[in-house]
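One chain, chain A, links the two complexes that follow: it is found with chain B in the first and with chain C in the second.
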Partner chain A sequence: MTVYKYFIKIALRNKGIILGYTIMLLVFALIYGGTGSEKIVNFEETRLNIGVINHSNGELSNTLVEYLGKNNNIVGTKEDEDFIKNQIFLQAANAVIIIPEDFEEKVINKEQSIEIFRDDRKVETYQTQNQINKFISFANATYGKGDFDLSNVINALDNSVDVNFVKTSNGANQDINRWFKFYYNFVSYVILAIYIAVIGFVMNDFTHMEIENRRKVSSKKFLNYNQEIYLGQMSIAIFITSILILGSVIIRGSQLSEVHFSKYVLNTLVFSFSALCLVFLINNITNNKFFITGMSTILSLGTSFISGVMVPQEFLGERVLKIAKFFPTYYFVAINNKDIVSLLDVRYEIFMQLLFGLGFLLIGLYFSKVKQKS
Partner chain B sequence: MVVKVNKLVKRYKDLIALDHFNMEVKEGEILGLLGPNGCGKTTAINCILSLLNFDKGEIQIFDQKMTPNSYEIKKQIGIVPQEVSVFDNLTVKENIDYFCGLYIEDKHLRKQYVDEAINFVGLKDYLKFYPSSLSGGLKRRLNIGCGIAHKPRLIFLDEPTVAVDAQSRNFILDGIKRLNKEGSTIIYTTHYLEEAEMICNRIIIMDKGKNLVSGTNEELKSMITTTEKIVAGFSDIDEEKVEQMRKLPHVIDLVKREEDYIIKFENGINNLSNLLEFIKDNQLTYTKLYSQLPTLNDVFLELTGKELRD
Partner chain C sequence: MSRLIRNCIYLGKNTLRDKTFFFWSILYPILMAIFFYTAFSGIVNQEFEPVDLGVSPDSYFVSIFEEIEILNVHEITEEEANEKLLSDEIYGYVDNDLNLTVKESGLNQTIIKQILDQIVQVGGLNVPVEQVDMMVDYTISNNQNADTLIIIFYTLIAMVSTYGVFTGIETVSLIQANLSEIGKRMNIAPLRKSDFIISGLVGGFIMNVISNTLLLLFMHFILKLNLFTEFKYSMLFILLGNLFGLSLGMMIGSSNKKSTNVKTLIAVAVTLFLSFLSGMMSPDIKIILDEKIPILAKVNPISVITDNLYKINLLGITDDIYEGLGAISIYIIVLNLISYGFLRRKSYDSI
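Moving on to the complex of A and B:
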């Protein structure tokens, strides 16, 4: 097992790469974990300060102001855009609404009826928009014979529901789950970068023509040699993946039962397999150290970016996602982002990753044959 | 016969690298494969070792046909390639252990062999050094250590003294002689004539993929007409005197190289005294005058019309 022994030895001499990426992952995970690590178990009502300028002064507009006043604080304002903007900037008001003179007419005609100035820095101000939209929708629904049935509107709007935040159907707490999604999505980047760089560099040493010639001249059988090399690659891959999984256990070990941890582990193992096959392919295409370094950066960062590791998939364009589907990282991220009941729910994505792995392996074997012949 | 190569042909598209090349190596020999750069020495070795496919011919090692899967034959072969071929990320000891491990499975035996190889190449003080921190000469020694640690019966050394200082060169050449004394048969390729003359029992001179001649140092030199060379330098000599010198007894050639005249003689035992007499009679002043026996370069020159170092 000399070849295996020295494969591992040379790989571990690249510990700077392994440590660098792992520490980066753990630091990011700790920073990310610092926010929202508590379980969400209840909601709190928020009252906003709303300024109202009512030019209509009709029954409908007054009822709207009355309705908004129930859930918010109505504050004084002035119909001056600069004044309003200052008021919002200084947080004297969270939002200011201007009701036009022909408000009723616009509501009936389903036209844009109210001008709203909001404090975009506060997510809660969307609530004002929602309350107004809801009111207008309800009012429209009661409109008939030239009148609004405003008592019905108020009744409907007064009905409230008690929301008890318990757990999602799969038993996973969303906030903890979000952390695990972040961590494991990032793991794909780290796995690709470390595998390509570390295993690539070691293979670069072993496949150096003169060293390879010495091996060919020796009495070491080709099959035994390859077995030891692949065993070395697998050992390093398992070692790196285990460290990364262990990282999540160390940081969030007490919350493993809150998430579908087996999903993350299975997904990471399958992704590791396909990443290892990709490394096999790259090593059969080239043994140029600069190319390997480039591939490590481009592939890991590039696929991570287009597959939704850095930016959530929801924010990525359709075209980008179409391209991302040609890389296993996309399916890895898709599994992490999926809320599942059983592992069967991710069988398609698992299958796709395995398929990619197999594809890389076959193409790698082809290049290996070509190289041997040449 | 340790190695027998019969009519080996190797082509690279239109280029014929080996043209019906023949070679025989007997047990216990140091065979020098001599020839200018690009004459096919390394190609011949790579074919013999099954690192390269060849188009025609036959290769036998230890009386068996050599193929890429001849692992039993390979067990008894060691190679020291032209380039220093070691792992930059392994220390001196680890490198020798790795390459020895490709042949020797048994840990204890390997440890013994590795220690012996380290002593043999004189790298005991550098065990934990990485190759990048070794000098050129020490790297070459490490290269040799990696090739001989498993105690092979047949060793191929491909220009092992290229770009090393004189001290390391002597160390390497002494080492090769010791390996030979310990029972290894050695095939040594070089384009340094002096080295071949110094250590080889038998020499094959190659050019353009062919073996031109083979024999011992003396046998090769006896094949050419030049028996003596006199190098002379003059402070005042004209063309007429040069032409008269050319007509002295036994002179077969006279060439000017830089400031010196090289006068080649065939036979004759008084060539130097004849020349001195000519200088005295013509009242010439010489700055340099010495006699040389023919070298392998002269052999190569007579056979091919060009210098071995060209």
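Moving on to the complex of A and C:
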């Protein structure tokens, strides 16, 4: 097993690549996890940071600020457009409102009265505008005899409907599922990038002319040599895929029972097989390290962008998706995004990935034969 | 001076023939721009579609929902609703008591909830419904002219501006006797290494600025993206990005004895990771990081360039650019000092 031993040894010399991509995935997952988990229990409007400049200081404006403060965090600000823009850019505030001196008069006359700076990057900031308009409309509706019935307004605004989550037939919790979808979609990017780079680099060393010549004159049978090489490739692939699967178990281990975890594991294993076959193809086309580095970055990022890893598939154009269907990543992402009852529901996508693997393998074998002849 | 120009020309030619430069500095950024454009144009051109809502056929509120423009009402039973919710045909289901059932949290579900809340709240106000005029907008919008997706392209420009890193690595390798054949010759020839380094940096700087210009022209004329409103300050950051890249390349090139391929990979990994933190893979990452670890945007040089390009061009803020310029300048000085430390008075007992 000398070949196998050295294959593993050289592969682990590239631990920097494995570590780098894995850390990127875990950082990404942890950041995403922080926001995703908040949505699991509650169905609440997001609490935003709102800056308020109140020139009116009347009962109406003070109650409005109080109402906004109930659903949001009120943060300090300054009446300076550049300062406000900067504050919103840095996300110290998501919206800033300026209440004019003649606020009550304008409200009674149904005129535009509150100047609002919103952060377009956060769609939730529309809710601030809605809250303001709702409060004022309600206040205006209670206006009579020169006064607003603000306690009635606040009581009315406290009402809200109950929200229930539909029970899925497989018992999966959709909000937890969302995190797993995200994590495993990103795994496809990492698998492709690491496999191509690490296995490609090792193969580059093994296919070096001097090494090749030494192998040819040695007593080692070509079949045995190849077997050990492929065993080495598989061992490295299994090692990398296991780390990535383990990552999700470490971060969200307690929630595995709430999602169809076997779907994600099976999908990742099948995708790993097809990625390994792709690496086999690439290695038979070239053993140029420069080309391998380029392919690792371009193929992993490119297929991720067009297959729905970075941007959800529903936002991608039809033409883009048609191109994406020529890569296994598309089917991998499709399975992750699918709500299933049994694993049979994803048989088509699994089959497609296996077919791609087989295709890569056959083309790789063809190139290998051509190389041997030459 | 003539020696400097001559060396610049030689090294420039060398860079042009170098496939690493051609791939990473010219082809790769253009491919990335195409990927971003292809993937994100769907979001940019997305049209708002009515939200599909399931309502119990006996509900008193059906007619009210039907009058709301942004809702597409489906009168269905609770059993049908479960199926349609799971298959994403509807985003929410409202029963006779105005209870909402959803599959998951999301924007469309929030819109439905807000409408339902409003109906309940109007009821709780105890005034005639006609008195509540919800059609009036009391706000004057002064929105931040912000576009999340543009961040991605600014990040790409910022990342590519640092791609002088490859020339930096190459230049340093050329003068080190333990790393290249030319380095061996250089070390025994009566040539000043400092001249060669300066020529390499000047040549690399010019070549990378040309490659940046190609990318900007591609974005402007082919992808039709208008990214710059304030050209002068934007260029200042792009040029500083180039100097930063060269300095980083020199540091990576001089600090270890690994092969140029490995050093290139380290450079790609470092710039890609910093770009990832700046929101290149997903704008949400930047938004979340800015919220949770705001200091990161101030210390990550690619973030500094991205943020400043964004502020200068989209928000028209140019007052505080000096903070960003200063931060990158400090990086350049520190990296060059480290490289100097690695390169100075280097002699070899054996190679």
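Observations
As a working rule, the second predicted complex is superposed on the first by the 247 of 374 C-alpha atoms of A that agree within 3 Å, B and C clash if a C-alpha of one lies under 4 Å from a C-alpha of the other, contacts with A are read in each partner's own complex, and residues count from 1 in each chain.
Quick note on the criterion: a contact is a pair of C-beta atoms (placed from the backbone, for glycine too) under 8 Å apart; a residue touches a chain by one contact, two chains touch by 3 or more.
Predicted model, so just to flag it, every value in this text is computed and none were measured.
Using the contact criterion defined above for the overlaid structures, shared-chain residue A:Ile10 touches chain B, although it does not reach chain C. In the superposition on chain A, A:Leu256 contacts neither chain B nor chain C.
In the overlay built on the shared chain, the residue A:Leu269 is in contact with neither chain B nor chain C. In the superposition on chain A, A:Ile31 makes contact with chain C only, not with chain B. Using the contact criterion defined above for the overlaid structures, shared-chain residue A:Arg214 touches chain B, although it does not reach chain C.
Residue contacts after overlaying the shared chain place A:Ile285 against neither chain B nor chain C. Of the two partners, chain B and chain C, it is C that touches more residues of chain A. Legend: residue contacts after superposition of the two complexes on their common chain; A:Thr2 is shown touching chain B, with no touch to chain C. By the touch criterion given at the top, residues 19-20, 23-24, 28, 31-32, 35-36, 38-43, 46, 81-82, 85-86, 93, 98-105, 107, 109-110, 113-114, 116-118, 120-127, 131-134, 136-148, 261, 264-266, 268-269, 272-273, 276, 281-285, 287-292, 294, 307, 310-311, 315, 317, 319-320 of chain C touch chain A in their complex. Interface residues of chain A, counted against chain C in their complex, comprise 16-17, 20, 24, 28, 31-32, 34-35, 39, 43, 45, 82, 85-86, 88-91, 97, 106-107, 110-123, 127, 129-130, 132-134, 136-138, 140-142, 152-153, 155-169, 174-175, 177-178, 197, 289-290, 293-294, 297-298, 301-302, 305-306, 310-311, 315-317, 320, 339.
Against chain B, the residues of chain A that register as touching in their complex are 2-3, 5-6, 9-10, 13, 205, 208, 210-211, 213-221. Taken together, the chain B residues at the contact with chain A in this complex read 46, 49-51, 68, 71-72, 74-75, 77, 79, 81, 83, 85-90, 94, 97-99, 101-103, 146-147.
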